[in-house]
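Here chain A shows up in two complexes: once beside chain B, once beside chain C.
Coming up: the complex of A and B.
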């Protein structure tokens, strides 16, 4: 298990928070803009009605015999009727003197050029006042009439409240929608990264092919450097594999020469100490060549395990061929290989790997079996296709069974027998690559029993 | 038996030749594929031992040519590679068996015998000594005309003695020939096999004589 990397923040959360924050700001802005615009429109509406009311009163004013007469038009006040029963106030001045109306209605400071609209407090209420002036001309008189009409703003604020509520709920809905969208968007954005991670994680340890699935342009540099790294790793791996193969090849021919001469000489010399030296020589050669062979096989198997050939094969035929091949070796020790096949045992697998694994198991049994014993090899189809190899040797040391399949580990009773200890590891790796397992146990008679199932 | 050894490494070739001659076999050596083809066309070999990497090509091309010409001389491949895929392609091309270098000569001979046994109708030498006949390839032994069944080690022991009657074999030498080098056996282990062989030879003119401190000798007549 690799050391977990340091975590600093989360892209997904950062993206989601940014999006949600933005949406909240937008929603607030929308609320205030719409509300103030609505207020402005409503005020304009009230103002134009007030202006019309003031003008109609001014229009009705006439100067007769130096007296100002105003005949209030009915519409002047009726047009100000609202559903909220807003109150209406008025005041009419002639050259600064009150002619009619409420004297305490706030007046413009500058009577000469009054502002058209103002908002003021009157009688504890907020009112909107519209003021206009007109100059009346008589025979020799010139008089100025100022009319103010005020209206409370109950209807207006009611409308405004309604609009505010609507805008607020609209803004909130918009915000909630934006939150959902933010989560969705951040997930979608992160998805290619997750897919990349999964496809890298799912790979076997020896799968160093470049990643070819299309990725978003922002991830391309990452994928490219990943591919470069894998290519370099692959190169150095295959270089070292080639090197091992070549080295083994170069070493094996001279080793064969040395072994042949040693054997020949062994038959010619009589002195026991020379013979002993020659025997040690042969043993050393066998040990080194076997180790080299199994290292190579193991390298080949770990390589192949990720590119398993899926052939439809008969496990029985495969084992039978192996047994036939190993019979001459078994005969040299007068060991009988007894093969039982529960035909047919069809399975999908890699013939080369299976053959190598089972060969290692039978090789082991041959090595640890005494002369003139029997090795039983049975191939059965159910519940899983499996091969069991039982010998009549000393069996596995019971306290070491669990560790035995570990690479390079050899049992205590293996001293004096040539082997590199990779045999069981190879068999286990092959079984695992086929989704099976390797089970070690001892038979009732004390011999070793290895069950290889796929 | 008559062997053709196709091997380009002169040292290994010499070592194998010496070793096989020591067991009483005849052996010709070819260093290239063209030599090997020439030899195999003239000589009547019982077995061909073939190296794979040769200076003028791949041993597999020899194998293919050999099989295409319908020659049935068995071929045992000597390979330096240990990869299973290599072994399998060799057998597919018509090799009868293979051994991986460095090989055990006892194993090589066991394989030779096994291959020759499988070849039905192959001419097999039957050796005779007094009233005992011995076919080393088939492993058939008759004593006074009656077939006797011997196990592999007993057969190999008989073969050693049969090939050199009258010669003294020290115990340790016999052990070295019959047991593999990784078996931890004492020189006395051979006594069991000598005893068995004596029992098989009971009633015949062949006797295995014990020479105290020296070893064993096969006497006839």
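Coming up: the complex of A and C.
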């Protein structure tokens, strides 16, 4: 398997955390802004009522015989009624001298131009004081009346607390919504990446076509470099395949020449030890040319698997033709080829590849079977079209069956046992190209059993 | 100098007891009856404008559960109470008065302490410190003998007409509060004046016929009973109905045009020597007055009356009550009232 990559953080988590953090920050900001705004508005509300109270007292002031009379309305104080029963204090001054009210209510130092509002401590409580002044003109007097009305802030703070609670729960709800939204957004954002990963993972080992599905613009550079990488890989793969095919082809022709010379010489040589040497030579040449042939086959299969031809064919006919062709070779080794066919076994596939694969399997069986034995070849249609080849040889080394299978899947020949390994590899590749599989096992009698199913 | 100061300090309780109380009674719990000297017993001092008779059943019930407590019940006029209490606020545990405006101002000025866990309608409390425990309309009380063969007036306007029709019957036989001395009388007068101009017309008619001025409802009821008065205006009906010998001879009329209803209120003083006991007393008082148990023995009218809707006619407990307590407003109001009533 591929080496697992190094993990550093997660895009999805980073996105989610950024969004949630932002939402939390916004919720806090919202809370403080709304709270301070509400405080301002609530204070304005109290101030305007205090102002109304002050001016209703001030408006009632009249100068009669140089005496100030202030017949202020009942509403001047009743308008200061609050749900929290806030306390009310007031003071009326004439030119700095207390006329009526609370003498110890804080007065402003600057009597000439009093500030309209002030917040002060009175009797251990925080009070809001509104102050206004008015000049009264009599016959020969000019006098200044200053009125202050103060109110505690219980109702105000109750309102503020309520607003704070409401805003806090509102902000929390907003935050929770944002959390849900950010999870959704991050998984939506990450989805194309997942789709790309899946489409790359699902590809067969030979599939090096460029990725053509549309992707978000941010992922385009990644896909482009991936495509470039695959194109270069494909190129170098096909170059090496070409090289192997070329090399095998170049080797096979001279080998045939050498073999015919060796056979001719064998007939002319009488001395037994020389004949022995020549026979070994011919056998070695056969081995080499078979290996070269298989290399060529493999290269051909690799090429064809990418451009699979789909023709309607009968697997039975195909195998029968092969068996007829191989019967002379089997007879030379005194081996019987027994063919058993369910007809018809129709399938869609590449005839040349299938032929090649099955020939390799029968070749293998011939190679490992002892003289005067039987090779059973059966073609069945259900559940899948399949070809089983059973011989009476030594079978697969039982501890290597799994290994061999694994090796095929990697398309690797590391152990260098060219004869068998490559043949099975070819069969495996063809089966895979047709969406089928190759199963290896040993029969009860000890022989090998290979099932090629499509 | 220091000796003089000490002397004043030592004589201060004497000076207090020398205060001219309308009534002063000490009620002792069952455990205290035998022992003559009960100086270290827990004592609750109640400063009240309500006649002792009305409070006896309430106090008895309170002491029944608390045998080791004694209560000193001090009665003074509603206007006096304000003065007495401001002189020495730490001397009293409870202040009970019918003058809502003065009670309100004492609470507003921070002389009351809150009782947090007391549940009462919102209109019957202020700052959870000042609690109302009765609803009592100001009534016109009429001596029935003087209206033989004549319709009994139901509104202020009808009363004016009745007085104009038979001035000889009513001359010098009209009574009302002297609002200069009575806090409750001042409250009723200012609320009437606020409600309608009829008040001033009535006051002028009464002034022209000659009106006797009283400090308290009780005295007016007595004078009605013995025939000195034919009509008393703005009296507490409860006082008239409470006495069986007067109830038959008098008719209590609640003016149909605008009945002014006041609430008797009480609070625990901020510097009460016995704050917990005082709070218990207020709770006890509210319980007795709201649950309407045994109306025969408890004489005070309940807080929630069935025949009048409190929202319409009851004087609201709120900052507006301070309006007529303002020195300038009071001076003007008294000047006008005196001009109308005293001829």
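In the analysis below, the second predicted complex is superposed on the first by the 328 of 454 C-alpha atoms of A that agree within 3 Å, B and C clash if a C-alpha of one lies under 4 Å from a C-alpha of the other, contacts with A are read in each partner's own complex, and residues count from 1 in each chain.
Quick note on the criterion: a residue touches a chain if its C-beta (ideal position, glycine included) is under 8 Å from a C-beta of that chain, and two chains touch if they have at least 3 such contacts.
Source: prediction; values computed, not measured.
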Inset, instruction - In the overlay, answer first, second, both or neither for which of chain B and chain C A:275 touches. - result: first
Inset, instruction - Please indicate which partner A:207 is in contact with in the superposed arrangement: first for chain B, second for chain C, both, or neither. - result: neither
Inset, instruction - Mind working out whether A:309 is in touch with chain B, chain C, both or neither, as first, second, both or neither? - result: neither
Inset, instruction - Please work out whether A:218 is in contact with chain B alone, chain C alone, both, or neither, and reply first, second, both or neither. - result: neither
Inset, instruction - Please indicate which partner A:75 is in contact with in the superposed arrangement: first for chain B, second for chain C, both, or neither. - result: second
Inset, instruction - State whether A:266 touches chain B only (first), chain C only (second), both chains, or neither. - result: first
Inset, instruction - Could you look at A:59 and tell me whether it touches chain B, chain C, both or neither (first, second, both, neither)? - result: neither
Legend entry - Broader residue contact with chain A after superposition on the shared chain, chain B or chain C: B
Inset, instruction - Give one of first, second, both or neither to describe whether A:87 is in contact with chain B, with chain C, with both, or with none. - result: second
Legend entry - Set intersection of chain A contacts, chain C complex versus chain B complex: none
Inset, instruction - In the complex, go through chain A and note every residue touching chain B. - result: 245, 248-249, 252-261, 263-264, 266-267, 270, 272, 275, 279, 282-283, 285-286, 289, 292-293, 296-297, 300, 325, 327-329, 331-334, 351-352, 355-356, 359, 367, 371-372, 416-418
Inset, instruction - Going by the contact rule at the top, pick out the chain A residues touching chain C in the complex. - result: 68-78, 80-81, 85-89, 92, 99-101, 123-124
Inset, instruction - In the complex, go through chain C and note every residue touching chain A. - result: 108-110, 126-128, 194, 316, 318-323, 326-329, 332
Inset, instruction - Quick one: which bits of chain B touch chain A in the complex? Just the residue numbers, please. - result: 9, 11-12, 15-16, 18-19, 22, 53, 78, 80-85, 88, 97, 100-107, 110-111, 113-114, 151-153, 156, 170, 172-173, 176-177, 180-184
